[in-house]
Structure formats: structure tokens, C-alpha cells
Amino acid sequence: MLTITDLTTSYGPVRALDSVDMTVEAGRITAVLGANGAGKTSLLRTVSGLVRPSSGTITLDGTDITGAPVESMVHRGMAHVPEGRGVIAELTVEENLRLGARGAAKRPSDAPAPVRTLDDAYQLFPVLGDRRSAQAHTLSGGERQMLVIARALLARPTLLLLDEPSLGLAPRIVAQIFDLIRTLVADSGLTVLLVEQNARSALSIAHTGVVLNLGKVVVTESAEVLRNDTALRHSYLGF
Amino acid sequence: MTDDIQKLVNVLLNGLTQGIVIAAFALALVLIFRSTRIINFAQGSQAMFTTYLALTLLNRDFPYWAAFAVALAAGFVIGAVLERVVIRPLEGGMELNIVIATLGLYVAIQALAAILFGSDYQSFPSPFGMTGFQVGDLNLALTPTSIFVLCTVGVVGVGLTLLFQKTQLGLTMRAAAFDGEVSRILGIKVSHLLTFGWALAGLVGSVAGILVATGTFIYPSYMETLIAFGFIAAVIGGLDSPVGAVVGGVLLGLVNSLVSGYVASGLVTLAAFALLIVVLLLKPGGLFSSTTARRV
Amino acid sequence: MAHQPRPTRRSRRLVLGAALAASALVVAACGGGDDDGGSNDPGLTEESIKIGGHFPLTGVAAPGYSEIPLGHKAYYEFVNANGGVGGRDIEFIARDDGYNPAKTSEVVNELVLKDEVFAIVAGLGTPTHQAVTNFLNAEGVPDLTVSSGSLLWDNPEELPMTFGWQPDYESEGKVIGQYIAENMPDAKVGIFGQDDELGEDGTRGLEQYIDDQIVAQVKYVPGNTDVGPQIAELQKSGADVVVGFNVPSYTALSQLVSMKLNYKPTWFYTNVGSDSGLVGSLLEEFSQGAIKGSSPLAGVYTTTYMPQASEPDNEWTKLWQKVWDEYGDGSPLTNYKVYGMSQAFTVVDAMKRTGDDLSRESLVETFEQEGGDLGGPNYVPFRYSEDRHAGIGGLKLVQIQADGTTTDKTPVLQTDVGDAEIEEFTGDVGTPPESGIPGDE
Amino acid sequence: MSTDTTAKRLLDLNLTRSLLISLGVLLVGVLLLESTDRYTNTQLSSLTYYAIAAIGLTALTGLNGQISLGHGALMAVGAYTTALLLDTESPLPFPVVALAAVVVTSVVGFVVGIGAARLHGPYLAGATLALAVALPSVALYFKGTFNGEVGLTVASPRPPEWFVSFIDAVSGEFATSSKYVAYLGLFCLVVALFFALNLRRSKVGRHWRAVRDQEVAAEIAGINLGRTRVQAFVISAAYAGLAGAVMAVVVRLAAPSAFTIVLSLSLLTAAVIGGLGSITGAFIGAAVLVFLPPWVTSLSTGSGLSDTQAAQMSPFIYGIVLVLVMLLAPGGVMGTLSTAWRRARLRRLHPATPTQKG
């Protein structure tokens, strides 16, 4: 689905990503783990086209999308929930969702999509339905996370990039959201690239884990192995 | 007694007609400020230039509405071209540079118009009557032309509100204005919207330029005072709210007319400045500004 | 309150000192010890006389006024083509000051110090010209036929080099005032005045005759083109006669707004603002309903002090039309071009009368000695003398007809500022010399 | 070496450096005035007041980041104060009058500055634009003192005895009042330059730059943003007042139509062309303001344009230059020179390492 080869991104002299190689299998959840500043967010921003890599290639379903403009990604089926969630606070819930749905315009009509219409989104997240005409800045953290996930799904993506969905949320809500992600992948074959600080909950739903440290890939293992390898967990994942 | 009432009514009507045109111009300024956070000081010169294009057509016996349409189209195109050629390369640089570039355009376009069209007074015909209505023995300072002006600005205001509230394009423009990066992630071509924003502002500015000119005379610097008044109205309104621009414009028009009618014609610009300071002291972001949610 | 021109309160010692210093400089600069100044004044050579002036070619005051130098240029070319003045060709430089005093000072510095003109002619505008009169007098440069009706130029003590030309606004106000007092004794009069010397001097003249009939005085500031409230005030005051002391663009604006308010008083306009050519063409577009082709200013009273461009069969207008057809830029003849050509005619006449020993000193003397009988289309002669530098001394009241021509409402009247009487001028109105050039009959 | 002595030594160094530069400019000025003809003298006098105002504006906009379109109006305050003070039988000596003009304009600048400190970017530009449009109407309305549209004539001060003999000694010419005024302008310019040079290097200058570049960081570092902005506005207003005073005696008139928005725009053009924040740049910009228009007008009349069209050419060139400078060389003349110079020096010092890409 998504293959990254020898990817390097630098901000001036600082190398945020240092020749990263990884692949994200279709219909699987790949978790990217690592301490703060390890390069997790830079990886997502480079993959989604917000940042131009210094070298290396990114291919999505076989086509090379290295350096393609970020505006084109959603039409290629890649939806990105950025760091800080990316809610447009001054617009209402429904307006945010309508912007997401707009991304589906160029998607093939038969593409498998769990959420096709706004009503599907309101069914998936009833709280959004109740507050559809409220201004987004009045939503709680959890509600905002649901909103941006629903917005991303409305674009009928095949690949979903999630940047630390658990940030600032109560454990109960984190579990609820991670559970949702797992069912989405299981039921509709969605592929997810999940960047997370909270390694424990990420590994609970991921199939493969990639650990970054100082911009380099340190370990690529199945989530199963990572969950049980205490030494690895201590040194990189802090639990 | 009726003479006093008639004067008050006429001063207010005069203020309303002047104010509604200031409002139209303030709308153009707000359109650009919402998306790029800068004030386009060249807006007045652009509007003046397209009005002169219309007048050249009128002098060649084109019908008024053809000239009107050409001016609006020219305003749209000039707005887009200026954004692409001058503003886009300065994007991301110091805000000061963009403001200075618009000031340069303001001076250059005005001088260019004087060279091309001459600096003499030229009268701009009106397709409607110029004499006021009579109600009983009251002569109202309301002519078919001023009604045409009021309706046109009304149409522009309603049109813009519908565009922003009801259409997909309007929604994407607002999104781009509030958060450019997230909009791009959602697949919105923000750069195209910026150009469209300047083009739309150019069109609305041209409407204001023609409405100011219709039924009176134009000369290359006829829009100069309107730039200051248009800005004051936009700031009073909140600089990023179209409704605020219209209210600010009408309020300023009334104040100017009342001061000119009952105090002194020389004090008009001072009164406008005082109104601006009072509003900024009371509500720093302007009356209808939503920027209070975010620091300007 | 007799009008005390501002400079006299200035310490006389100062300006005279500067004038003394300057004339010493002129002598020093010329190097020559001879005191006749003779032919080596700046701007004077065997074949040419270089003169210049400052005019608003750009900015708000450009419309109309920017045509005055065109009149000068055309007439001087006409004179040069017919032998010039004593064999010398006249070279005329018009500089733009955009009606901004700071720029006037810059361009006059350029004319006097760099172009080294022999004299400044027809400098236009009260605020603008006032910025340079002290400098011109200190430099000893003749400052002839100033294009403004202000009284500031009639001040031989302080400004020995400066001469007015057109009738001043106060005299004009008196003539209009007398006419209204005699012919419309029970009229309620409103005044629509520009907020400066033009409005004030004109109003002062009016008040001498119809002070009790004035019911409203409204003022506008040039630059603020919205005169709605002012006309509403005039309408409220019930004035059925309105006298306007304003520039041409505000004649058009006041007519437009009056039409809008259905306010139809009898209008009087100063000759400054009543050029039926410019104002007429401006209002043409808006005279819906009125019979096509009739002048929008039909029925308006104004004053004239010389034949108008709208009197084609007048001898003087024929001359101007001939000169303009040959040396003009092809645009129609307007009163502003006639104004410029008339000033040029007077200057050329003065130069010819000074004869061979033409110098700055002698030219100014000619203006003071023979000023009274200098040629020109003006009905009433100039008031130039040793102690008066005021220009044309009289005018007549006329009414503009539907076809744009004017009919006389009063004979030619002669008057002056202050409480001078208004008498009928009985002298004959001169006709232009056959050749069109003064001095060679 | 305890820190305060190094600070003192540094201060002396800074002081002497500014003094030397200022004296240098004085010398060059005198040479220029005495070697050129009288018309160029009048142009040089105009150069002095444009330069003073441009230094004040470049300090405000370049060092502190505040955009002001109202400095033409502030010059009017200085000019009218001077005109009123000189309009007496025995006028005060010009330096005293100029000082009074500076004080009055600084007070006005303080009032406006308080308002300005709360505004940013486009709000500030617009508010000062409104000030520039509004202030002339004060002169129109209060006709009693300011004499309305016609304005106040200014009796330019007479050259005192010592000056007449000085000029006689230097060049044997007779000292006219316009030459004396040119020297007054030069003297004020040198004083203004001296303070500006000191200001740049001093703590105040550093605070201003901090506020311009990283507002938040400056605030955290304990710099009171509001106070610094008001301070910057007051000082630039003082410069505008001094420029207004010199302009009044050079032009010999203070009238509303001389202080329009066009003047404010020209001052901004001068500061920008020279290079915002650079004092030498302000000189260059002022020179462009004085010498460009006559050259452009004569060029265009020569090439067949009519008088009216030729008169429009210099504002047209101004506008285009402003846009081009912003597009091609935002640093202005001095900015571009210094970056080019720095890059050349960099290449000279480390010719081996390839310059960093991107």
C-alpha cells in the first residue's frame, strides 16, 4: 500500500528524518512509536506532502507521490489527521464535515467506505449529530477527535494517517477511539498509519510497530513481539 | 417647521447614499483582509481604473449596462493578476513589504490613469433619473439613481453572504481564511482561492467605483478620500466581517453628512478619524470582529 | 473690516532688507558694475526672452486651470511667428505644482535659479502663489499678471514686483450685490462660498449692498465633493437667490445636487466658476428632460470682464480663435485658453512699450507708469500705478441664455475695493490691432 | 576589568564614532553648499528636511516594525508651530523655535503613539492614514490661528552677522537668507544624525529591534511592548517635527495642501528605497525624492509627452519603484548592498566549503 525508501527530511542543518525505510501493508494498522521529537510527526508531514523531503521516495499503491502537493493527497485516497487535530474552530461541526466530504468528489464511487454521507458520520458519532450546528471551538477534546476522524473518513480514504489521537484525552475515551479504529480496519479493510506517544494502547490494536529514535528507524517488529519484549519496551517505549 | 425636517431628512438620506457606497468599498477591503490579513491600499485605484474603462466605452456609445459589466469583469481580472504577479511572490515575507507593495500600486495606477485618460473632469452618466422624489411638499434627496445605488449594493451584499454561507466555494474560502494548512490537507487549493479572493474583491471594488461615479464627475484621484473612509468603515466593522463593513460604512456616511450639514464641511475628515479612535478604544477588534477569539 | 492683507503686519524692515540684499546680489552675480542692469538680466538674450509660471497641471485643481498655460504658449508662438518682441522670441515654460505650495516653491526655485527666467507670468492659485511672492520680490523677479482674484497681489509696498490681473472677488461681489439690491429687493439671498479668500472676499463685497437680504451662508472645502448638506441648508433657509463664489467643479456639483433636491433658486456664479464651456459640457450628461442642446446653465447670472469664448463674432474672440486654430492643440477654444491668451497679450504689450532697453526694472516701471492703457480684451482698463498693483477695474453682469450666449444685464461698471462707488464705465472698449499683436498698429 | 568600565568604554567608543560621522557629514555638507549653484542649494535644503523625516521614519518602521502613513501630518505640526513662533516682530533664534516644534510634535506623537501601540500592521497603517487625511482639516476649521486653506507665511530668519562674514570668508559670496536656511537645515540634519547613530547602537535601539523581530520573546525578556512602541513613535514624531520646522523656513509657508497623504507616501518611499532601518539608506531615499522628479519630468517632456502627462511620470515611477524594490530587493539599496557584501565576505573567508543548499 505505502512504501517509504531511504527518506530524509531536514529543516536547515537539523535532520528530522534520516534515511527511513518502512512499508505499510494494506488493511493493516502500522503504529509509529518513539519519544517526543523522534521524528514521528515529521514522518507524517513528509508523507502527506506538507514538507518536501531532501531525498528518498514515497509510493502509494505503486505510484510515486514524493513531493506531490498536499492538496492532491486526499484525491489519491490518503486522509491525514494532523498534529493538534486540525479542527477549523470558527466553522460549525457540519461545515467541518462538509469540507471532509468534499474530498470524496474524485474518489471512485465503488471504493469501500464505512462513512459515505454526513448521516453515516452522525450515526457513527451520535454526539456530532446532536451538536451539528455548534461552532467547533465549543467541542471537548474527545468530540474534536471524533469530528476530525469522521471528517477524514468522509473523504473515503484507503489510507488514514493519524497523528497522536490520544493526546489530552481521558483513558476511557482513548479506548473508545482505538476500538473504533480497530473495527473500521477489520470491517472495511482501511489501512491506518498511526503515530502515537501512548505506545501501550497503540500496540494493543496495531499489527506492526515501527520505533523511531532521532529520525532513524530503530526497530520494525510485529506488534505482538514488541508487546512482549520488555527490554525493548523499557529502552524505547517507556513502559 | 417642515423646512427643518426636510433638511434633516435630506442630510440623513444623503448620508445613507454616501454611506452605502463606502460600505461597498469596505466590503472589498474585508474580502481581502479575511484571506490574507492585509489591507489592499490599491483597491481604490483599481476601482478608479475600471470606472475609466467603462467611461471610455460609454463615450463610444456603448449602453450603460455593457460598460458596467466590462468594468466588473476588468476589476475581477485586474484583482487576480495583481495577486498573482505582485502579492503572491511576497507571500510569507514580512507583512510590511506587502503593505508597501499595495501602496506602490496605489500611486502607480493612479498616475497611469492620469496619463492614459487625462486629468480633466469627465461626467459619468446615470441610466436613471437624477431628480429627487417629492412627497407632499417635502423634496427628498432620494433620486432613482440613489435607489439604483442602494439596490446594487444590497444585491452585492446579499450575493456575498449567500456565497459564503450557502455555497461550497464560499465554505472553502472561509476555511482557507481561518486555517490555510488544514484546508490544504483537506484538498482545498488555497493558492487558487487567494487569487479568487483578490479577483472577487476587485469586482466588488469596481462596483463601488462605478456607483461613486454614476451621476457625477470623475478625475484620477476621485477615489482618494474613499480609500481612507473605506478603511475606517472596515475597521469599525471589524475588518473581517462583511456585515460589519456594511454597518460601518453606513454609520460613517451618516456621521460625515451630519457633521458637514450641522457643524462644518471642513471637519468631516476629523470626525471620521475621531469615530475610528472611539470604536478602536471601545472594542479593539472592531464592532463585529470575530478575531477576539484569536489575537489579531 | 477693510481687508488687511496679511503680509503688512510682517515687519516691513525684514522684507526691505531682503530686497536690498537681493538686488546687491543681482549686481554681484552679474559681475558687471554698471547699474542700468540693461540687457544682462537673467533670461534675456539677443534673440530670446525666457519667462515661466507655475500651474496645477495635476491634482484636484487641474481641470480647467491646466488650460491657461496652453493659451499663453499659443499666443507667444503667434507673436514669435510675427517677429517676436523687438526681434526677440518669447520662450514660455509652464511648471506643474499640483496646487501644492511646497511644490510651488520648488518649481519656482527651478524657474528662477536654474532656468533663470526673466519674469514669472500668470502664477496660478492663492495659497500656492503666496508661498513664492516674498522670494520673487527678494530676487527682484517681475511677478506679472497673477492668475487669482485675491487682494494679496495689490501690495506695492511689500511686493513691488507683484501685479494682479483679473478683477478681484470683492469688486465682483459688490457689482452682484448692487444688482440684486436694485432688481430683486425682496429676494432672500443665500451664499455658497469656497472656504478661503475666494469665498470671503466675494461675501464681503456682497454684504456692502445686500447685508439685510442674506439669509444663509454655507461653506465647502475643496476636496470634499459631497455638497448635499450645504444645498440642504440653503433650501432650508428659503433662499430664492443663491450667489456662488466657487471653482468650476463646484458649480457643476451644486447644480447637480440642486436638481436632486428640486431646489430651483436663481443662481449667480463668480466668473471664476461659470465657464459655460467646461461646466456646460460636464452638466450636459445630466440635463434629462431639458431640451437637448440648451446650455445647462441657462438662466444663470454671472459676470464677465472681457468677451467670452461663447461670443464668436466678437473681434477679440475672432483673434483668439485664429491664434488657437493655428497654434493650439486642436481642442475647442474655452474661456481658460482665452484667459491665458489675454494675459499673454497684456504682457507682450508691456514688453513692446518698454522698448529696447528691456530689463526687469524697466518692465515693472512700464506696468506702473503705462499700466492704465495696456491693451487687452478687458472692458475696463487695469488699475496699475505706483501705489496700486490691482488688475482689471471693472466688469458687467450678464445672464447665460439657452443657446449658451450671454445677454448683458448691466452696462460695463467700474469699481474698486473698500467703499469705492460703482459707476458706469463710459470709455470705449478697445478692439484688437489688425495684426493681432499689440504695439504695431 | 569590571563590567561597568567596559560598558563605559563601549559608550565612549560609540559616542566618538557617532560624533566623527556627524562632523564628517557636516563638512561634506558645507563643501557641497559652497561648491554648487543656488538652485542646487535649494534642492539641498529640501534634501535636509526629507532626510530628517526619513531617518525618523526608518527608525520607527525599520527598527521597531510600526508602519506609519501619518508622518506627513506630524511634519505639519512642526511646520505650523514654527510658522506661529516666527510670526512676531522680533522672532526667537531658529534653534529655539525648532526645539519648540520638536517638543510640540513629540507631545502629539505621544498621544498618537498610545493609540498606535495597541494596533498592529494593517490596523496601524490605516489609522495613521486616517490621521493624515484628518489633520489638515484642523488647519481649515480653526481659521483664526491657522489661516485655513491659505496657510501661514513664514518669515525665514535673516542671516546673522557672524554667518555673513563666515560665508564671505569661505566663498566670497553674499549670504542670502536662502543660503542661511540651507545651513540651518544642514545643522539640524547633523544633530538628528548624531542622535540617530547613538540611538541605533544603544540599549533603546536593541529593544526596538527585539520588539520588531520576536515580540513574544521580547515580552518574556521583560521589555514592556507598549512602552517601547510609544517611545519609538514619540522619537520618530520628534524627527518629523524637526523636519517640519526646517521645511517651514525653506518653503516659507505652512499650508494644509503641502501636508497631504502624498507627502507621507513619499517619506515611506524614501525610507524603503534606502533600506528600512538604515540611516545611510534614509539619506539615499531623501536624495531620490529630491532629484528624481525634475529629472523624470524633463526626460518625459523631452520624449514628447504633454506637460500634464510628464507631470504624472514621477508619481508613476515612484509607484513602480516601490513595487519593484519590494519584489526584487526588499532590503532596499543598503539592505541589498550589505547582504551582497556579507555573502562576498563569507565566500572569501571559507572558499572551500560549498555554500549550504536551501
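All chains are identified by letter, namely A, B, C and D, in their written order; residue positions are counted from 1 within each chain.
Here is the rule we go by: a residue touches a chain if its C-beta (ideal position, glycine included) is under 8 Å from a C-beta of that chain, and two chains touch if they have at least 3 such contacts.
Only a predicted model underlies this, so the values are computations on that prediction, with no experimental measurement involved.
Chains that touch both subunit A and subunit D are the following: B. Legend note: the chain whose CA centroid lies nearest the centroid of all displayed protein CA atoms is B.
Of the two chain pairs shown, B-C and A-B, the one joined by more C-beta contacts is B-C.
The chain with its Cα centroid farthest from the Cα centroid of subunit C is A.
With centres defined as mean CA coordinates, subunit D is found 38 Å away from subunit C. Taking each chain's centre as the average of its CA atoms, subunit A and subunit B sit 44 Å apart. Between subunit A and subunit C the centroid-to-centroid distance comes to 81 Å (mean Cα coordinates, whole Å).
Of all residues in subunit D, those that touch two or more other chains are 137, 140, 308, 312. Shown for subunit B are the residues that touch two or more other chains, namely 114, 119, 225, 264, 266, 268-269.
Across the complex, subunit D meets subunit B through its residues 61, 65, 67, 69, 115, 118-123, 125-127, 129-131, 133-138, 140-141, 261, 265, 268-269, 272, 276, 305, 308-309, 312-313, 315-316, 318-323, 326-327, 330.
Here subunit B touches subunit A in the complex through residues 168, 171-172, 174-175, 178-179, 181-190, 290, 293, going by the rule given at the top. Residues 57-60, 62-64, 66, 195, 219-221, 223-230, 232-233, 235-238, 249, 252-253, 256, 259-263, 278, 281-286, 288 of subunit C are the ones touching subunit B in the complex. On the side of subunit B, the complex with subunit C involves touching residues 3-4, 6-7, 10-11, 14, 18, 114, 119-121, 123-126, 129-132, 134, 139, 141, 143, 215-217, 219, 221-222, 225, 256-258, 260-262, 264-266, 268-269. Within the complex, the subunit D residues that touch subunit C are 37-39, 42-43, 46, 87, 89, 137, 140, 143, 147-151, 153, 155, 158, 173-174, 176-178, 247, 250-253, 255, 257-258, 260, 262-263, 294, 297, 306-308, 310-312.
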